[in-house]
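A short worksheet on the structure shown next.
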Amino acid sequence: MALDHNASGVFPIAVTPFLPDGSLDVKSVDSMTDFYLGAGATGLTILGIMGEAPKLEMSESLAITKQVVQRAGNVPVVVGVSAPGFAAMRQLARGAMELGAAGVMIAPPPALRTDDQITTYFAQAVEAIGDDIPWVLQDYPLTLTVVMTPKVIRTIMQNHASCVMLKHEDWPGLEKISTLRGFQKDGSMKPISILCGNGGLFLDFETERGADGAMTGYAFPDMLVELVDLARQGIRDEAHDLFDAHLPLLRYEQQQGIGLAVRKYVLQKRGAIASDAQRKPGGSLTAAAKAEVEYLLSRLAKRDARARA
Amino acid sequence: MALDHNASGVFPIAVTPFLPDGSLDVKSVDSMTDFYLGAGATGLTILGIMGEAPKLEMSESLAITKQVVQRAGNVPVVVGVSAPGFAAMRQLARGAMELGAAGVMIAPPPALRTDDQITTYFAQAVEAIGDDIPWVLQDYPLTLTVVMTPKVIRTIMQNHASCVMLKHEDWPGLEKISTLRGFQKDGSMKPISILCGNGGLFLDFETERGADGAMTGYAFPDMLVELVDLARQGIRDEAHDLFDAHLPLLRYEQQQGIGLAVRKYVLQKRGAIASDAQRKPGGSLTAAAKAEVEYLLSRLAKRDARARA
Amino acid sequence: MALDHNASGVFPIAVTPFLPDGSLDVKSVDSMTDFYLGAGATGLTILGIMGEAPKLEMSESLAITKQVVQRAGNVPVVVGVSAPGFAAMRQLARGAMELGAAGVMIAPPPALRTDDQITTYFAQAVEAIGDDIPWVLQDYPLTLTVVMTPKVIRTIMQNHASCVMLKHEDWPGLEKISTLRGFQKDGSMKPISILCGNGGLFLDFETERGADGAMTGYAFPDMLVELVDLARQGIRDEAHDLFDAHLPLLRYEQQQGIGLAVRKYVLQKRGAIASDAQRKPGGSLTAAAKAEVEYLLSRLAKRDARARA
Amino acid sequence: MALDHNASGVFPIAVTPFLPDGSLDVKSVDSMTDFYLGAGATGLTILGIMGEAPKLEMSESLAITKQVVQRAGNVPVVVGVSAPGFAAMRQLARGAMELGAAGVMIAPPPALRTDDQITTYFAQAVEAIGDDIPWVLQDYPLTLTVVMTPKVIRTIMQNHASCVMLKHEDWPGLEKISTLRGFQKDGSMKPISILCGNGGLFLDFETERGADGAMTGYAFPDMLVELVDLARQGIRDEAHDLFDAHLPLLRYEQQQGIGLAVRKYVLQKRGAIASDAQRKPGGSLTAAAKAEVEYLLSRLAKRDARARA
């Protein structure tokens, strides 16, 4: 069940559930997995940036992988393996695949600047983890400060048969999707899966530009699933109506830094996890912010019953 | 009519109108000014980052200032004077004030890092332009990469009587407004005006947190004016209904890089300027992007007649 | 034998020896340790940035620590524990101390900007590793892009009794040493040890400004030891004569990126390690660069017999 | 007398002389020009980063250009025209050429990241200033944070016949010179002039790698001239002896931030300028730093009589 370029739909970026004391909330790992699958997820991504991965010890990362993979059954699990060095990246990537992961995801380290530095880095990463592991290229300049042009992405895709998916979260990024799909049409790039991140802030148009779906952690993955389905069927106005109803909350959750606190708060309300605690150092919501989220949920509830949790 | 800390309402960030050949569109400077005033603007900000200021020669900057100030009559005009060196900053600041500007706006240069570097920079800037010119502190980390804590902003405000306003566009930034208003309440900071930027993406809550209004360039300044008024009167749900109707387009316009092309495109449609041309090097909209903007306008038009231009 | 603020002399930043196939060169770990001790080192720092630490798995890091600590006997060993997350930092720090390390060294992650972010980060780090572990604050803006003012360093030192040393490698940094020693004199900061890095490029004056010695990896640690001794005794001209003789090579080794290749090349020539191999991804010297190093060594050999290896 | 790819020797980066009150020191503009020419300079570069260019008004920049060009007679003068916008760049570039400048120098703005962004920027710059103006490409990643690979430099050189010289100050940068000269040999790049900056810290080897000389502002341009001549004649040991004698001071002057204060201090001592004042905001030397410079000069004077000023 290896990841390949046909992947589509919604791969939620899973949070990592913690108890208030900072220890891993093993029970919530199951309930969270069930929640995402119940929402219609076609895959799962764990240990991403929003999964508090750098706060975990290697043994914890592997334990979470094992548990999620087992619980997810036939649904493919992608494991974030970005690391400051290739030894740790290799260790986690090979360990995760042995435990049944479908693939891994790699982001470029922030110091990369030139096109050659970027393509070289991913060549070294593939050499480190082995070219038998399907992987997702993460393109996230807003947080990582690394800017990859469509041409550089094409070079990486052509250099590595094992790279099968782009996690697209450039910003702005609509033209990038069009350009990459153009590369496929003119035969200069192999087919790839494109799933979009960035909290879903442009998912309404990203699907129309040719994205295969979403890889992001918005607390209503069920909405994302519906949206991607509507877009696939070309039911445009309905797709936008749904999206627009969620946009005020989605935008609020997409804020850098406090977004994860919002996300965990809503996921807890929806029963996906037992606690919205983050392992230290973590953000938290002020009373004012909580009231704002509640207000947004109450407004959303008028149009989407799922917000009435 | 100098700018002071009582400023409130909406100060649109004005675009600079060009003809397709890149020359200044003098006629549109008037129509644009009229458009903003007609929308209910309580002030105007010219020569900001989104006003293509770095593409202008000094003589052009002064000519635009003169024309807008005269046309605006009693409405205060703030002039962006950020520059890589203090000689140019001083020249433009003093020139603009002589022409009748109400104040100037200064952003920190991207290289600043430490708290002391930031406060020192603004002390040098005030020494350069003179402490008799009212000025606006621009806090825009997303683009400028300079991070100012509330404490640093307070230090600057306390150091300089002539600093009367914060252009708030930190992101996320709601807590910053609350903290700064807290400083005023506990007496550790003088009263200041806070107008919010960032394309208005959080203006619905920023007003509730204590902002005095907006200083941003969204192509529907009339909506911003209404929103600020509703918020001031505490008509909460109606304010959010209005905001939410505009949010899909507002979010689209807020994209870094192509946002200005969207803004000028809509302003042209609305008759504010004759051409959406940017002086080189400028962005432009692809056919796909234009179609998306049109679609967003058509959806908006169902709720807001102003979008039926 | 815990590290304290009386530490002085030379703590070489040890390289990590690898065999040409990329595996750890266990035998050279001993010979390298012996080499540094034979050069007069008063301490040792392992797993630093120039020690290729991010390329190691946790188990390797602990194995190297164990071996060096045992071999070094009474000489204190400082272990670099900088990591993208506190879980890994804690694991290595506590593991290293259990194995007999004298202290650990922590660098700030590149994303930190404001004074408060910096002091908060180190408070979180101390909470993570425990306040019973003596630690060294690394101040290295050239590579890490984090700028700490003397006041921020003072705040960190005053906040944490367990912080006993500054690894000084600001650039330029002479005034910083003077300012920090001034803080001690005026009673606003506790006594701290200051050892200087940056390849030793300003060690001639750093010692005169009040530094206690060096913590850097120049391939002639015996020269650094002599220099620090001469400076301590106030034999100024002789100290500078020695330093100036080494400066052409020292400067060459201090180049970002290829410096480590130069260092390992010379250390291999001097018999400290069996191979100059770096674990992937690593730099290497071109034929032209090797010839330049040889030429510099031959020139140095006229004044310092140790270069005749 | 337009600049072309045959340029070689030493083009000092001229300081801009100010009086203690911050006004331009018109008299010293002449004495400084005479000093550089007397030192054997084959060209002059004015209004560079170390020439405090951003602190000047446009009219001052043009006045300095006029004066230096007239005084320099047949010696070509290169004018730094880097600016945040193309309007100011064009204005200064065309103005300077009309006044008799031999060419201009352009540095990339710090925000550029990808290879395409860099080549596009310079295409826009050439379009702005006109393709009839010979220009120097400045490659200075340490300060500008823009990283240009040799391939990108080649693309720029091939795209623009008017680009005739590289100001090389990558760090480390020796291999870059070798690679670029290799491009010329294999016919993939036209011949270009390469003059090296970075304070001269690697000029001893840069000349051996194929550089045509230096473009830097070390306060002993006469030494740089001698060094380049010795290198050209292949008198290697003597070249290095001369360089090594100056290296302790040269390194001291090369410090970021305070380097200009050191440079102006020594230039004043040598009679090139009347005052070492910098226009605000400027750095200055502490008493300790001045004493260090004096000590370095006294040590240098033993080997080079010019230091006995």
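Think of it as A, B, C and D in the order they're written, each chain with its own count starting at 1.
Operating definition for what follows: a contact is a pair of C-beta atoms (placed from the backbone, for glycine too) under 8 Å apart; a residue touches a chain by one contact, two chains touch by 3 or more.
Treat the numbers as computed from the prediction; the structure is a model and nothing was measured.
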item	value
Set of chains whose contacts include both chain D and chain A	B, C
Identity of the chain that, by mean CA position, is farthest from chain A	D
Between chain A and chain B, centroid-to-centroid distance (C-alpha), Å	34
Rounded Å distance between chain B and chain C, as computed from the means of their C-alpha atoms	48
Centroid distance [mean C-alpha coordinates] between chain D and chain B, Å	39
Chain B residues within the chain D interface of the complex	53-58, 60, 83-88, 91, 110-111, 120-121, 124, 127-128, 279-281
Residue ranges of chain C touching chain B (in the complex, touch as defined)	113-117, 146-149, 151-152
Contact footprint of chain D on chain C as seen in their complex	171-172, 174-175, 178, 201-202, 204-205, 209, 237, 240, 243-244, 247-248, 251-252, 255-259, 286, 288-289, 292, 299
